[in-house]
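Below, subunit A partners subunit B and then partners subunit C, in two separate complexes.
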Partner chain A sequence: MTSLGHWAGVLVTAPLVLLARAVDPLLRAWQRWTGIGGMAAFFLLPNLLIFGVFVLIPIVLNLAYSMTGGTEILLAQRPYVGGEQYARLLECQDYSRPLTCREDQFWTAARNTGLFVLFQVSLMVAVSLVTALILNREIKGRGFFRAVFFFPVLLSPVVVGLIWRWILQREGLLNLLVVNLGLEPQVWLNDRVTAFAAAVGVSTWAHMGFYTLILLAGLQAIPRDLYEAAEMDGTPPARVFRRITLPLLGPNLAVVLVLALIRGVQIFDEAYVLTGGGPGTSTLFLTQYIYEVGFASLLRNPGLAAAASMLMAGVLVVLTLVQLRLSRSSAGGQR
Partner chain B sequence: MTIRTATAAIALALAAAPAFAGEVRIMWYSDGVEGEVIQDLLSRFEAENPEIDVILDNVAYQVIQEQLPIQLASGQGPDIARVTNLKEQAQHWLDLRPYLSDPAYWETNFGDRLDWMREEGSDAIPGFLTQLTLTGGFANATLFEQAGVAIPGEGATWDDWIEASRQVMDSQQLPAAFAVDRSGHRISGPAVSYGANYIGEDGNPAPIDDGTMAFAGKLVDWTSQGLMLPEVWVSAAGTTYRAAADDFINAQIPFYYSGSWQVANLSTKIGDAFDWVAVGTPCGDAGCSGLAGGAALVAIKYTQNPEEVAKVMEYLASEPVVREFSERTLFLPAHAGVVAAGGLQFQSEDPNVQPALEKFVQASTETLPASDALPAWRWANAYYGALVTRISQVMAGELTLEEARPLMDQDIADQVAAAQQQ
Partner chain C sequence: MSAVTSFLTRRRGQGRRWHWTDVVTWAWLAAGVVLMFGPALWLVASSFKGPAQLAEFPPTLLPYVQQTAQVEGHDEPLPLYTVTREDGTEVVLAEIRRIGTNSQMVDPANPEERINVNIADREPVREVGFATENYVAPLVANNFLRFLWNSVFVTAVATAITLLTNSMAAFALSKYDFRGRNAVMLLIVATLMVPLSVILVPLYAVVNATGLLDSLWGVILPTVATPTGVFLLRQYMLTIPDELLEAARMDHASEWQIYWRIVLPLTAPALAVLAIFSVVWRWNDFLWPLIVLSRRELYTLQVGLNTYAGELNVQWHYILAMTVVTMIPVVLIFVFLQRFITAGIAGAGIK
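Entry: the complex of A and B
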């Protein structure tokens, strides 16, 4: 068996070894010529190419679209209008009252997205933290529960939206439960408050496993001896949490917070399938607005959609910079 | 999103594949069984014309609506497509006249509705309607009978219908009395029945008028009274299309306003669960008008094989093929010769089908001129989109109807301005 395994290994790795030997002199020559910086550039180049083609060029194209008008799809056929689309989006008498804005649906979507981020991120961080704290304890079936909480992360957002739609619709599972309890069934997705709460709750359910995992890793990195020392001193659990767990989990919490913020601003798939933006426009979020204007409307307006997405990208860039800063300070703190 | 993206990507990849000599690629969507029927008809064509290879790409309707326009804009796409957005994409259709053996046949049999798919002022022949549609209502006869409520007869108004449906709802403890598909197209025939006219004297959109407001006001009132099923209109934002067919099929509503294209769907899914009847369009102050429309098969001008495309189109537009297609799919034909000859034997054992189709044929004679003008009007979609978006907001309590009125006018004006910005 050993011999068989050995030869199978040789067979698999042989082409790689041959390739490595073939390119090795070339790489050495490259390193002599360009130095260590040149080697770094060489290995980064493939990734940069992919990033450029699929991220940078689309961003530049999107910026170009945002400065054009008309309904034609091809950029070359679209007239240049400068900042007209941005002016249209930003024209408003009172930003707190979307109906006074020229593009009232954009501002309604922006307000909804802001509220969604506020509620969803708060809930997400709280629930993920509690779940991580529980899963960090020596409980029975810990591995099973870790898998259970992570499982929704693996589901397609469309599947998540459909599952919860079936649960929350008029003839859904929740109403079956409600009726069995002798209560009046509700049309949960038709009420502004419950529909919005459903969007927040479902999104939290779908993604909390990921954030729980990050926090769990942070919890497990906290040295056990700190807790043992606190226990010997008779420190109450609440104080242990406040003085040991929270400070040492700070960097992970910051990352979770910013990632959840970015994800919250981008909310689309599951909310779109779940509520379609309704009732009325109470769960219309920015990404759905952009999708509707640019793609789904009977008369599309790609320029307006591109301008809206550039504004949204601006918010995401700010959040990403915050995340980078937090990551750097957290890395610095650990050193 | 993942499924839609994957479907779109596959369709895009298929349609973007280079055309080979003698190959004709058709992008097709189905509401019912027409995909199988057209495949069968095309197989016969290929047997008779072995030099032409016809490939039928069955795609979701959403691909036709969202992906095909992008392909067309980049000068690509299939050779033939089945579409419903006929007028706005007319610049991409191929004028078949130079390739047809008998263009006069097309003018004679499809001429009435060729303007629906032509650019303004053009006399091109881009294709033909595979089906003529008309909006209209359906009633669950069994529910009416169980409730002891008579189905309203000829000349009954919308108020009569909703009152009768309310009685059925109360009697049978249903969640709602009726539903209308969430679509600006669907409510436009009824709005015209209340005196609406969308088209201004200069051909541009007219301001929202009292006729439109009258029917919109009724829909809003009926929704607030719990008579119209809220899941369809209220539970979505923007111009999202939602049909209420499943609610009717599941006997949740006794009255459903949609259109003739639902006949095959209802027949297939309802089976013998209950009896249903087509009832035409209830009346308003100005008439009892539905709104005509249809799906067309059009040739795409970017094809590399126009002669072969014309040959396929001539075969599919021929009288016997149109007749067979209509009889097997339960679609109303748009072929003047087939309609004039009559005697269509719709292939269904469902006793509800033949009377339903006959009712739609009869209702097609009752449409008003303001409604007849809409299918060929360039700005119809701008109007429909504004109506759906804003009326839904009113139903959800975000706006009053009077607040919605200038917003609808502004939405339409914005769409027109954007489209004219060249």
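Entry: the complex of A and C
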């Protein structure tokens, strides 16, 4: 097997090795001409070029797009409108009732995303923390069980969405269970509340393994003698948990919270495949709003989509900064 | 009490009696196995069912195929049913045609005599069987082979470019001392905070301006300069001693040779982790390909699947089979390479 793998490796890398040899004289000449500094530039260039064109320039352009109007995609053909797109997004009689806003879809999406983040992040942190605590025990086959919870993390959001659409449909597996329990079958994704709950549950299902791993790594880094000392002193378990585990797990919990919040705000793929935003607009989230306003709708409005994504980016940056601060203070060992 | 301690804090020792925390542990783990694997297994089992069986409720666990029999006087094989007669006995008959609520049937042993049966009195004769045409038909007829190829192309090319450009940048950032190095590093790490979903519009404009719209390169290029990749590789390269590089320079190795023949082979473990991540990322990408690609023959599997699943009349028997196909590479990675990924997440927190 190893020799087979070895030869396969040789077969794949042989052309690359030849190519690398072929460019060597050229690069030697470049090195002689520019020195080591030129080589540093050479090594950085491909990545920075791609990075600059496809990440940095778009970041700057986003602001420009958010201040222009019309349906054209070329910036030169778009009239400058100042803060009009922002004003349009923010114009609202009563922020608690999205339908009174000028861009009611935006506020519906914002409210849905807020609720989603609230429920999904709390569920996510709770479930991954319990799973990590359990996986941290001395159990047989721990590696296997760790892998079990990690499995859905690798699945694509489209696959995740389709798997659960299939289970939640009228003739699906969930209704089979429901009927066996003597209850009425339902079309889960056609009801506002159950569809929303499905979006929360499915995205938790898909990503909890990732957060579990981070928390598990944190738990395993806590020195064991702390617990032994606590046990010798007869400290009650609840207090040991509160005074040792939680504070020492603090930085990891904060990381999990940051990441879950940031991912939660951006929720799109699996929810989109699962519910398509429906029924009605009950599972319409911000990223889907941006996607539809910017690209999918007939009356596409790139400026409005860019303004909405600037607002979302603002929320993300604030969240990141707040959470970084929290994680720093908890790492400092308060409490 | 100490059992509760160890539950909330750390593991408990061996050889003790079962405690309620053990029950909770194993119940949780058992539920985990069912919940995490169950849905995917259900998908696989369902993908082998024919369209009629998929519409049935309650669904059966295993896929079944209706038995047929060749009956004299009929060209096509006829489907077999178990018919309950008035006296309560059961007999196996073949159906010729259905007229309203009546079924015209025939006994395969006695093909002359036709029997009329109410459809409420007959049950199809089935045995476990696999509707493999679910897999064959869409690959041939519905473009799925094309989608599969596009996905493989995007994944392979994007991963190769990611490994090359990220490792080159990481090499420069870890082994050279130049002005602005920290600024570059900071810039790269800071963009970790800017996800794709907040730069969709301008990125689309840039891809449009570079002529990459509606091409697979437009899917590939914006994704390859991953900050995570640069960061991961740089951290690893920092552990390679500089003396090694100095020794090579003494022997008149060029900087390119040092990168290619010394640093890169030594970085193999980190490159392997990045390669695995990149394959999973690119294979699973959805939103960006959805925006860039509008010609059907360029769709990746994920976009194609979503399109077919979004049609008014969803052909679930094909969708389910193609979802399984989409899942296969990732499942293989899970089975064989899962350790590397979990190590990468636990160690560097990348995803």
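The definition used in the following text is that the second predicted complex is superposed on the first by the 271 of 335 C-alpha atoms of A that agree within 3 Å, B and C clash if a C-alpha of one lies under 4 Å from a C-alpha of the other, contacts with A are read in each partner's own complex, and residues count from 1 in each chain.
Note that contacts are C-beta pairs under 8 Å (C-beta built on N, C-alpha and C of every residue); 3 or more make two chains touch, one makes a residue touch a chain.
The model shown is predicted, which means the values in this text are computed figures rather than measured ones.
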| item | value |
| --- | --- |
| Partner chain in contact with A:Met39 - subunit B first, subunit C second, else both or neither | second |
| Of subunit B and subunit C, the chain that contacts the larger number of subunit A residues | C |
| Partner chain(s) touched by A:Ile59 [first = subunit B, second = subunit C, both, neither] | second |
| Subunit B versus subunit C as contact partner of A:Ala217, first or second or both or neither | second |
| First (subunit B), second (subunit C), both or neither touched by A:Arg170 | both |
| First (subunit B), second (subunit C), both or neither touched by A:Ser156 | both |
| First, second, both or neither for A:Leu48, with subunit B first and subunit C second | second |
| First, second, both or neither for A:Pro79, with subunit B first and subunit C second | first |
| Contacts of A:Ala14 with subunit B and subunit C, given as first, second, both or neither | neither |
| Contacts of A:Ile139 with subunit B and subunit C, given as first, second, both or neither | second |
| Set intersection of subunit A contacts, subunit C complex versus subunit B complex | 73-74, 156-158, 170, 268-269, 276, 295 |
| Residue ranges of subunit A in contact with subunit B within the complex | 69-74, 77, 79, 81, 99, 104-105, 156-158, 169-170, 187, 189-190, 192, 195, 268-269, 272, 275-284, 288-289, 292, 295-301, 303-304 |
| Subunit B residues touching subunit A - in the complex, by the definition given at the top | 1-4, 65-66, 69-70, 73-74, 85, 88, 175, 230-231, 234-240, 242, 381-382, 384-385, 389, 392-393, 395-399, 403, 407, 415, 418-419, 421-422 |
| Touching residues (chain side subunit C, partner subunit A) in the complex | 1-2, 4-14, 24-25, 28-29, 32-33, 35-37, 39-40, 42-43, 46, 54-59, 164-166, 168-169, 171-173, 176, 178, 184, 187-188, 191, 193-195, 197-210, 221-222, 224-225, 227, 230, 254-257, 259-260, 280, 283-284, 286-287, 290-291, 302, 305-306, 309-310, 316, 319-320, 323, 326-327, 330-331, 333-334, 338, 341-342, 345-347, 349, 351 |
| Interfacial residue positions of subunit A with respect to subunit C in the complex | 20, 23-24, 27-28, 31, 36-37, 39-41, 43-44, 46-48, 50-51, 53-62, 64-65, 73-75, 130-131, 133-134, 136-139, 145-159, 162-167, 170-173, 175-176, 179, 185, 205, 209-210, 213-214, 216-217, 219, 222, 224, 227, 230-231, 235-238, 240-241, 244-245, 255, 259, 262, 266, 268-269, 273, 276, 287, 290-291, 294-295, 302, 305-306, 309-310, 312-313, 316-317, 320 |
